[in-house]
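In the part that follows, the structures are each spelled out as structure tokens.
The two complexes that follow have chain A in common; it is paired with chain B in the first and with chain C in the second.
So, the complex of A and B:
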């Protein structure tokens, strides 16, 4: 009966809504439309500049309007929630990101998502409060021991593959071919719309999405393994492409400045590279300039500095891959430390006739974190005892690895990694609001329509990335310390330890963001693989396939799911960090509460971003 | 020392090469400039003749024989795939004109193997049109008639000619447009009634805005004989409403022509068009 009354109440208010929407590069006015479930929406689309479309995610209905003509659309809003409406006709550089929001009340998904976040928080709290003593062996979700490992290289074909000098050279050469086409397409494409350009689509739609949804969370620095950018530098340094050449780098072979042998340069460089996101993610020529500059810097760095200095301390996308790969399922580790201890000289460091000493300047024989391991597998090739393995392990194992090298800041858990984790969240926020939000003024700011607006974007980015998020984290770390009652532990240590909660969180929200890119825009890929240079080719018969968004109806659900998974890991890891930070279980419980509240609050905000 | 020098040389070379590439790419990032030879605009003389033509009696070939024709080249207007081959473009149109201080007359003739006066399912009427820019500064090209400014268009259609002069009823009751929601608020209703005439007197301000005028001021008549169409337009020299009709003051004004070959499937935007033609009104 209650359901009946509720249903009648909702039905009784069903109305006919006549909405006039004006479309202009790259914003709709109104950009937010609110209706009730059951309403009949009659929409009139007016273009104020060029041909624009109007497609409603989840409903699959669309219309378009030329300037001077109008498009009309009628549908019954029978699905509740928030649905993006987006331009369906290529209208300029930011066309894929011309978005508005349609709210069909009641928004069950948002309230459901928020409830789920609070529910997970409560479960975590109850589980923490019930803890009587510290576990001797850390377990992921209390099930899988975090130190569990399974060496996949115990399978002979896998080891043979990784020991071959052609691996990972062959994937690198394949990617070199792909990136040559990307650079050519970017150069030829000029300032045309990016959604029909091979360079823009492969790099910023396919590569970025694969990186954030698969490569980094599962395999870690999988992309670094097959990245073609350092190939020329390697060749110059070694004198050989396939076989083993010089162990000592040709060139000046300088050592990178000691105080910058950490993630700080990468924190800053990635942040600086996002200043230009409004250009290189949408304009082919800007993509060419960015990638060309990165390749150039990679080569020049190889001439001046030793080994993979560029990958370690300069490449803008290396930092988050390094940090996030500590969460990944795979890693390269030594099998028996005793064998390594006795092995002199350590060929994984100095090299042998089978391979090079670690190009990433790690000490593979005692490596216990993935941050600086580029998965080149040279250590597998050089180890005469086959004592190096690629291991499968639980997610996040490395986040609990203790510091081993005390002589160097190179391999530590520190503020550089903490800031990397936090700035990645801030950059996600900026990207989401600018590229998947309905706000035209933000798109204008990111694309530097006015100099003042652009400065505003840079200021906002700096404030959020380096002040607001670290500030909030520091505030809750301070509360955590206060609540714990522990006066010995340093606030910096509390801040750094809990900042690692944002590693799974960052991966999750970037994966959710990536879904918002690939599902609506993935079909453009079918066009560009058949016609990479826009010369009218049809190599695979797919160039005439029209724009076809897929699964945009369930996209918000998938984004909520990704966010919730991120929170699950953050809660599980967070309490373990608390136990490590504070001396006693009681202190850890009390210290955990403010951080838990912070994480729950942040995730409700994310749910709001994706669905509310 | 040698190695240091080599490294620096390689670095400088790489930087210079990349800088050059970026400069070149940015310079031509909006495409390469294309040189187009500007053709000399055809000039159609519009002399004063103390003559009037009664179109009810025919197109009066004897009047037109005394005037010098101007050949105007046409090109096919690219609209939808499949684009027709260039060889299908209609051959040049022969244009003549004069005025009698009361009325202005235009004469078109062009080759067309078939006389298409019917407008039925999958059959399209032959037609021709004149377009006059109403704005002071016309854009350099006429492609997408009306896209770039306000224009007055006169379109003679063989099917309407047949209905008007031979008093034959239309072959079909089908309507090309339909009313859709918000019609009342349309600025340019697409289904407005066009007055019964061989010539549609139209206005447009950009693509998709072609609209029949309230006052249809232009009369016309066509004659097909031996694979040749001849069509004549007639209108008062001064328009009823200067805001809606092309003015014909003494001096040079611009005009553009269009021809539809119904047998080839031309209709709507599928037609052959000319670039601007100058009318020298004496």
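So, the complex of A and C:
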């Protein structure tokens, strides 16, 4: 009865909405359409340059228009929320990112998501305030002890596999094969449509999405384990592919500048590489140039510098993989520190006839953070006592680990890692707005349509990544310190400690971003595996499968879910960071409040970004 | 153990050089028999139609086919917008209105008239769309 009344009331207002949409590369006018639930939408699509389409996420309806030949579409807006409408006909380089927003009010999802964020914040606040004393053992969500670990190398076949000299060489060679095709497709593809190019699609749709949703959060530097880029360099340095040759490099084997033996070079290099995101994510030839340059630089670096200097300090995608790996479920760890203590010389560092000394210049026997562990498994091969394990542990264990020795690679908590965490949030923001937002002028800016616009993009990205976000974090860290009443602790320490909250947050928003890429565009993958060079091949019989977006209706829900999960971890970790930062529980509670407010605010902003 | 190194080196060469050579060879020998002429569709500002004749390099906006034979043209749209193809003087199978970006189509017809015939793009692909045409010679 109530429902009936409500329904009638609703339909009484339901109106017919006539909307005229103009499409031109790569923007719709209007780019934002607002209707009410129950309205009948009658849409005329007019193209101002080439053949464009119009597909509505969640509704699955579409039309298209040639210049001078308009398209029309009619549907009842019976689902509430924000839906992307996007181009369904390849119309230029940025075609997959030609997007507008359809609002069907009321926007329950946004309000629900914002409420959820505040609710989680309140729960966390209450449970933090009720704490009386420091726990003996840190527990993830109060349940799983954070120092819990289970060695998966207990299973004999696992250890045998990891100790084989052919592993991970074989997966690396397989990826060499895949990247050969990628490079070839990028070269042949030239300036053609990226969404029909094997290189662009595999790298920027499949690889990137796998990296952010599965590899890094679960296994850490799983990609680095099988990455083909350093293979040639390794070969040159070692003179051997499988077997163990001499430990000393055949190259010059120089040491990297000690001032830069940290994450800073990677913070800057990744940010610099995002300057070109508007090219290499859409143009096959730009992908070819980028990958080719990375391979060349990797080889040259291997000639001059020792071991995996390239991976540690130069590879643009190394930084976030390293930092975020501290969140991951798996890690390489030594089992019994006593055995390690007595073992001289330590073969995991200096190498033996069974394997090489840690190519990533870690000290495997005392490693307790994942940032610089490339999962090459040399240390499992070189340890004569089988004292190295691959362990399963709760998410985020390493975010609490302090490093005892910090004289070599600065694998410790510091401003470099803090800035990496924060810049990744800023880069997510610009990527989301440019590639999943409805703003045509932003797309023009990132693709450098005008030089001034491009400079604007660079300076905006600099201000957000390096000034605004760190600035805000610093401000709330300052408030936290003031609230806590603790005078001894250094502001820098507070800033660094709480910046680690943005590790799970970053993973979550990047996963949400990835969903917005793969769900609408994943079907292109079926085409390109059958016809990788656009030569009309049909290897697997899938080359004529048309563009088919999937799950675009639940996509915003999944994005809200990802955001909420990120917040859950950030809140749980954040309070524990607070306990570590301040001397007493009382100080920690007071100091936690500003940070909690900051995190909740940031997440309401994310919910707004994804749904509002 | 001794054999490991050459085996690995071989695998690496197969994965790189082998892959490239294999792909090019497959395209050249196994598939080139499927069509007589290859046409690349490009907007006038990007160079316009480009034709490759087997054994004879590239030509802009013109190509020649032998008289009286069944002819297959492979048309590749290597651009980022839709193009089309029409050969009004012949009955082309299957008829195509639009070749979307990245798409490849093979059309067939019987070259049963001698002379010079126009072919053109049928989709408004840019402001220069009307200049996107060329000539086919049958002899």
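The rule is simple: the second predicted complex is superposed on the first by the 600 of 612 C-alpha atoms of A that agree within 3 Å, B and C clash if a C-alpha of one lies under 4 Å from a C-alpha of the other, contacts with A are read in each partner's own complex, and residues count from 1 in each chain.
Just so it is clear, a contact is a pair of C-beta atoms (placed from the backbone, for glycine too) under 8 Å apart; a residue touches a chain by one contact, two chains touch by 3 or more.
Here the structure is a predicted model, which means the values were calculated and not measured.
Please tell me, clash or fit, for chain B and chain C sharing chain A in the overlay.
Once chain A is superposed (C-alpha atoms), there is a clash between chain B and chain C.
So, A:358: does it touch chain B (first), chain C (second), both, or neither?
neither
After the superposition on A, what does A:373 contact: first (chain B), second (chain C), both or neither?
neither
Applying the document's definition of touch, where does A:49 land relative to chain B and chain C: first, second, both, or neither?
In the superposition, A:49 contacts chain C only.
If you count the residues of chain A that each partner touches, which comes out higher, chain B or chain C?
Chain A has more residues touched by C than by the other partner.
Applying the touch criterion given at the start, work out whether A:534 contacts chain B, chain C, both or neither, answering first, second, both or neither.
second
Regarding the shared-chain residue A:169, is it in contact with chain B (first), chain C (second), both, or neither?
Once the two structures are laid over each other on A, A:169 reaches chain C alone.
Would you sort A:241 into first (chain B), second (chain C), both or neither based on which partner it touches?
second
Touch check for A:67: first (chain B), second (chain C), both, or neither?
Both partners, chain B and chain C.
Applying the touch criterion given at the start, work out whether A:196 contacts chain B, chain C, both or neither, answering first, second, both or neither.
Touch status of A:196: second partner only.
Check each of 1-9, 19-27, 55-63 or 73-81 in chain B against chain C and return the one that clashes.
With the two structures superposed, the offending stretch of chain B is 73-81.
Identify the residues of chain A that lie in both the chain B contact region and the chain C contact region.
66-68, 190-191
Where on chain A is chain C touching in the complex?
49-51, 66-68, 89-93, 95, 165-166, 169, 173-174, 176-177, 180-181, 184, 189-193, 195-197, 231, 240-243, 527, 531, 533-537
Can you check the complex and tell me which residues of chain B touch chain A?
The contact residues of chain B facing chain A are 3-4, 7, 10-11, 14-15, 18, 21-22, 25-26, 28-31, 180-182, 186, 188, 205-209.
Would you tell me which residues of chain A are touching chain B in their complex?
42, 44, 66-70, 72, 74, 187, 190-191, 250-252, 285, 288-289, 292-293, 296, 299-300, 303-304
Residues of chain C touching chain A in their complex?
1, 4-5, 7-9, 11-12, 14-16, 19-20, 23, 27, 31, 74, 76, 78-82, 98, 100-106, 123-126
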